[in-house]
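Here subunit A shows up in two complexes: once beside subunit B, once beside subunit C.
This part shows the complex of A and B:
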């Protein structure tokens, strides 16, 4: 933070700011020097903040009408849909908002993977991000249980049962999680409590995430360190604010389409059947955003190892800054990594697809190959690539590729030959 | 800009292809024109009223609709019976109320605020009366089935003689649209089963369409206002997006960079 010398103009402002430097903070946020070559993949941070706030506001409103009781939850959701003023709107925003949140977070994560934003000095931002992502999954899973439909109940049964794979104490842990000997009312009430709590934990972590970001400043598509402030940067306000706002509006159009015209397309029809412990649905599938991990879980024949594989698939991301040995951040200058990156994207999409399919025959085979490749990418390809790959020359500042039209090779080469 | 468009089209493609993949069994359902589909989709009032008649004269003897109240029948966006008509409909049902000051339960004619009277007291009673099968509550039935309205519409017309290689137990019927083809409900509709007040010919096809429309409304009673609000919201967002785009261009023209 380079703006400690900021002083408010008014006397009152100075008096207040000397006691609580909120105005200094506001000044820092508006002046915050941001690389001017950020592309639209960088707008998803702002979009995610919007998603979180939307979920919290709609969630609070829903909680005023929802009843967390096994006998009344389903009915109270119907009450919200029918009798609460605009209850249908609030619930559909909240339900589809979860999907939009994950859509945005996946783009945000894959942007970071492409441009190497997780590398030094941004490891802490990245790790906080992974914790936020884990909490998001927990919140989404527990939120899906609350309407107490068939998929809620059986999804909760399948996922909580995973803990029984832990040797010796597994069964005890499951009973403890359930608050009884099956998923029932105590499970519902504790899930509701935690579902209410987690968004505020996420909010706190988001503050840390942004704080940690503001220490080194944003990475950028070229992936080089820049001087701040300089002619490579623009102040956050108004440049980035308006650009983020524009992207957010585009995102909201997609969001609105789902809410108003296809509000149930992302959910499962079975969740409109009230939970019934005596009837198991034909296929138990999680929400789309958890499918890749569900595929990894099911691709391992052993229950305990399956759970270990699924958890490792997420936790491996936390050590990514040390698995990726390349000194170059942006994939723009890493021709080989760029190809492996797109293979990884395809691999995760394939995992998502087979996660929705029954775990048998060809689907199972594909899931196993895709799971193996997922780990291969992080554990073998990335570490080796850092040593073997011949990277392209990197420009010395942002201004050149920007003036050259795009962060391309020609501009970089030009500069290099001049130096020589 | 180009990237952004690419991005959003990819997103929509992925999501829609992903959600379609949930439909495990692919059956070609019968198609008909639903007035409530599309950007401006609205319910066909007359069809909803006929659909209510089919429900109450045919389905309601076994299927409950516990989340609906008689007042809903007169509310905007639904069958829109007049309040007098809805009151008369409600009054034609006996509702158990109480306890009164003597501590006794009593029956009285239904009021607008009452929920639809259920055909059975509880699930067990419903199962006992239907050979062990529970006739599902119909309030959100359309949303609770993968195929939605097309599935219900087809199922009602899907009864036929079982192929020779399929053996059916007593009280089980063959339906080509039912999951597994075996259904515990006998064909509920036959030509001329109800007599429509508006003179519409009560064919099985017509009744299926009317009652399915009614079920769509019962599952999504606010569908019309959702579509209306959605259109306004999206038009508003598009206009705002265009305005913000030009302001952004203006602001960014001060620096040598592209947005």
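This part shows the complex of A and C:
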């Protein structure tokens, strides 16, 4: 932002901008040079911003009608569904919005994995992203507790009990989290408070995420450093704004399909039964977006180690920039990594599938193999691959491969031989 | 700058930081402790249950401190099974004699020690309880035999007030 010499045209604009340079910021955001080869996988940042705003707006309106009390929460949600004007719409947008949020964030994360967006100099952007992801999971989990149905209650019981695996202080921590000897009214009220707080923490982190992004600029499908501004860039407005807008429109069609045609398909019927501390539902399953981690938890036969494995599976992502030893960012030029990448995608999908199935027999075996592979990918394959893999020649600029026979070609060949 | 002055300043820094830290801790602790069980929660400490209607081979489930408590009137077969198990076969070795002082009556928290689900009666590989959440098997003494749970189901403090009434807590 410091390289801006922006001066508003109007006198009033100048007067204001000298005192608070908001117009300089706005100008930076419109002119921001963006790689011109960004594909549609890059539109999910904007889509995620939309998801966050949607959750905050619908959440605020739901909070006007919801009652955070163990005796009244379940009824107040039914009251929203039946009595409140458009309450059904707002609640369905909010509930399915959480799923859409995770759908978009998983695409966003796997985009980074494919194109190596987490590598230097973008490690801080990546780590802030992982923190946002953790906060999203916390917010989603606590939000799911609020309707106080059977899945709410037992999901809360199981997840809070994860802390009891901690030696010595575990039980004390669980009692402290509950504010009692079981999940009950004190648990519900504090979860409501935190569920209300977390989206605003995420909003703050999103600002940092974008700020950190605007220091080095966007990565791109070719994964090379580019000169900015240059022939390789286009201004954010109107080029990226239009592209993001179109992608958002497509995304909203999917979103609307769930809200209007299948609003409960991603939920569990058990959550329309009011919480009952005497009966556990026959089959407790978390929401779909947590299933891979749930499968990892269940694949380990020891309580403490199961919890450790599940947390490690998430936290290992934070050190990914240092586990991946390859200097080449984009999988386009990494023939072996590209294959391992798709195996990882399949592995996570398989974990998600077995996470929804009972933990026995063949499912358990598959879960164990898939869990082992997940860690193998990050702890062994990625570090070794950086040294062993023979990468393809990387172009010098985005324009170069398009303008074959450009004067850069000789230089590009030179660089290839250096890389090899 | 003389040496003496530097030392005086060091002392002030250390003293200020120490007092500040104590003050911060004193403010933070109430914020943390307010989340612990409050007086009204703690007040619901005990409950009395009439067990006269319970016949052998049946289980009564009652709520105590928000958690289910299993009261099982065991058959002779179940007692024999529980008492004949060798200690070395147990994950969390506890004698049945210690868990059920009166062998006919087994009183325990109906909470799986894995992640807190309520196990199902008369299920599982050991004819005791089976937790549907993550597949822990308990025997007729409520001891963990197979699965991810680390401990036996907890026996709360309880006593027979008279022949037909159990006081839990």
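Simple rule for what comes next: the second predicted complex is superposed on the first by the 398 of 420 C-alpha atoms of A that agree within 3 Å, B and C clash if a C-alpha of one lies under 4 Å from a C-alpha of the other, contacts with A are read in each partner's own complex, and residues count from 1 in each chain.
To be clear about the criterion, a contact is a pair of C-beta atoms (placed from the backbone, for glycine too) under 8 Å apart; a residue touches a chain by one contact, two chains touch by 3 or more.
What you see is a predicted model; the values in this text were computed from it and never measured.
Participant: Which term applies to subunit B and subunit C once both are placed on subunit A by superposition, clash or fit?
Facilitator: Pair status: fit.
Participant: So, A:20: does it touch subunit B (first), subunit C (second), both, or neither?
Facilitator: A:20: touches no partner chain.
Participant: Considering only the touch criterion stated at the top, classify A:283 as touching first (subunit B), second (subunit C), both, or neither.
Facilitator: After superposing on A, A:283 lies in contact with both subunit B and subunit C.
Participant: Once the two complexes are overlaid, how big is the angle at subunit A between subunit B and subunit C (Cα centres, nearest 10°)?
Facilitator: With subunit A as the vertex, subunit B and subunit C sit 70 degrees apart.
Participant: After superposition on the shared chain, which partner residues are touched by A:362: those of subunit B (first), subunit C (second), both, or neither?
Facilitator: neither
Participant: Is A:64 in contact with subunit B, with subunit C, with both, or with neither (first, second, both, neither)?
Facilitator: Neither partner.
Participant: So, does A:12 touch the first partner subunit B, the second partner subunit C, both, or neither?
Facilitator: neither
Participant: Answer with first, second, both or neither: which of subunit B and subunit C does A:175 touch in the superposed model?
Facilitator: second
Participant: With the two complexes superposed on chain A, say which partner A:234 touches: subunit B (first), subunit C (second), both, or neither.
Facilitator: Touch partner of A:234: subunit B, not subunit C.
Participant: Considering only the touch criterion stated at the top, classify A:247 as touching first (subunit B), second (subunit C), both, or neither.
Facilitator: first
Participant: Upon superposition of the two complexes, what minimum C-alpha distance (Å) separates subunit B from subunit C?
Facilitator: Shortest inter-chain C-alpha distance (subunit B to subunit C): 12 Å.
Participant: What is the shared patch of subunit A, the residues that subunit B and subunit C both contact?
Facilitator: 282-283, 358
Participant: Within their complex, state which residues of subunit B touch subunit A.
Facilitator: 3-4, 7-8, 11-12, 14-16, 18-19, 21-22, 24, 39, 67, 72, 136, 139-140, 143-146, 148, 179, 219-222, 226-227, 229-231, 233-234, 237-238, 240-241, 244-245, 247-248, 251-252, 255-259
Participant: In their complex, what parts of subunit C are in touch with subunit A?
Facilitator: The contact residues of subunit C facing subunit A are 32, 35-38, 41, 61, 63, 65-68, 114-118, 131-135, 147-150.
Participant: If you look only at subunit A, which of its residues touch subunit C in the complex?
Facilitator: 154, 157-162, 164, 175-184, 186, 190, 277-284, 298, 300-304, 306, 358-360
Participant: Given the complex with subunit B, which residues does subunit A contribute to the contact?
Facilitator: Its residues touching subunit B are 36-37, 39-41, 75, 78-79, 81-82, 88-89, 92, 99, 103, 107, 234, 238-239, 242-243, 245-247, 249-250, 252-254, 256-257, 259-261, 263-266, 268-270, 272-273, 282-283, 285, 288, 291, 349, 352-353, 356-358, 399, 402-403.
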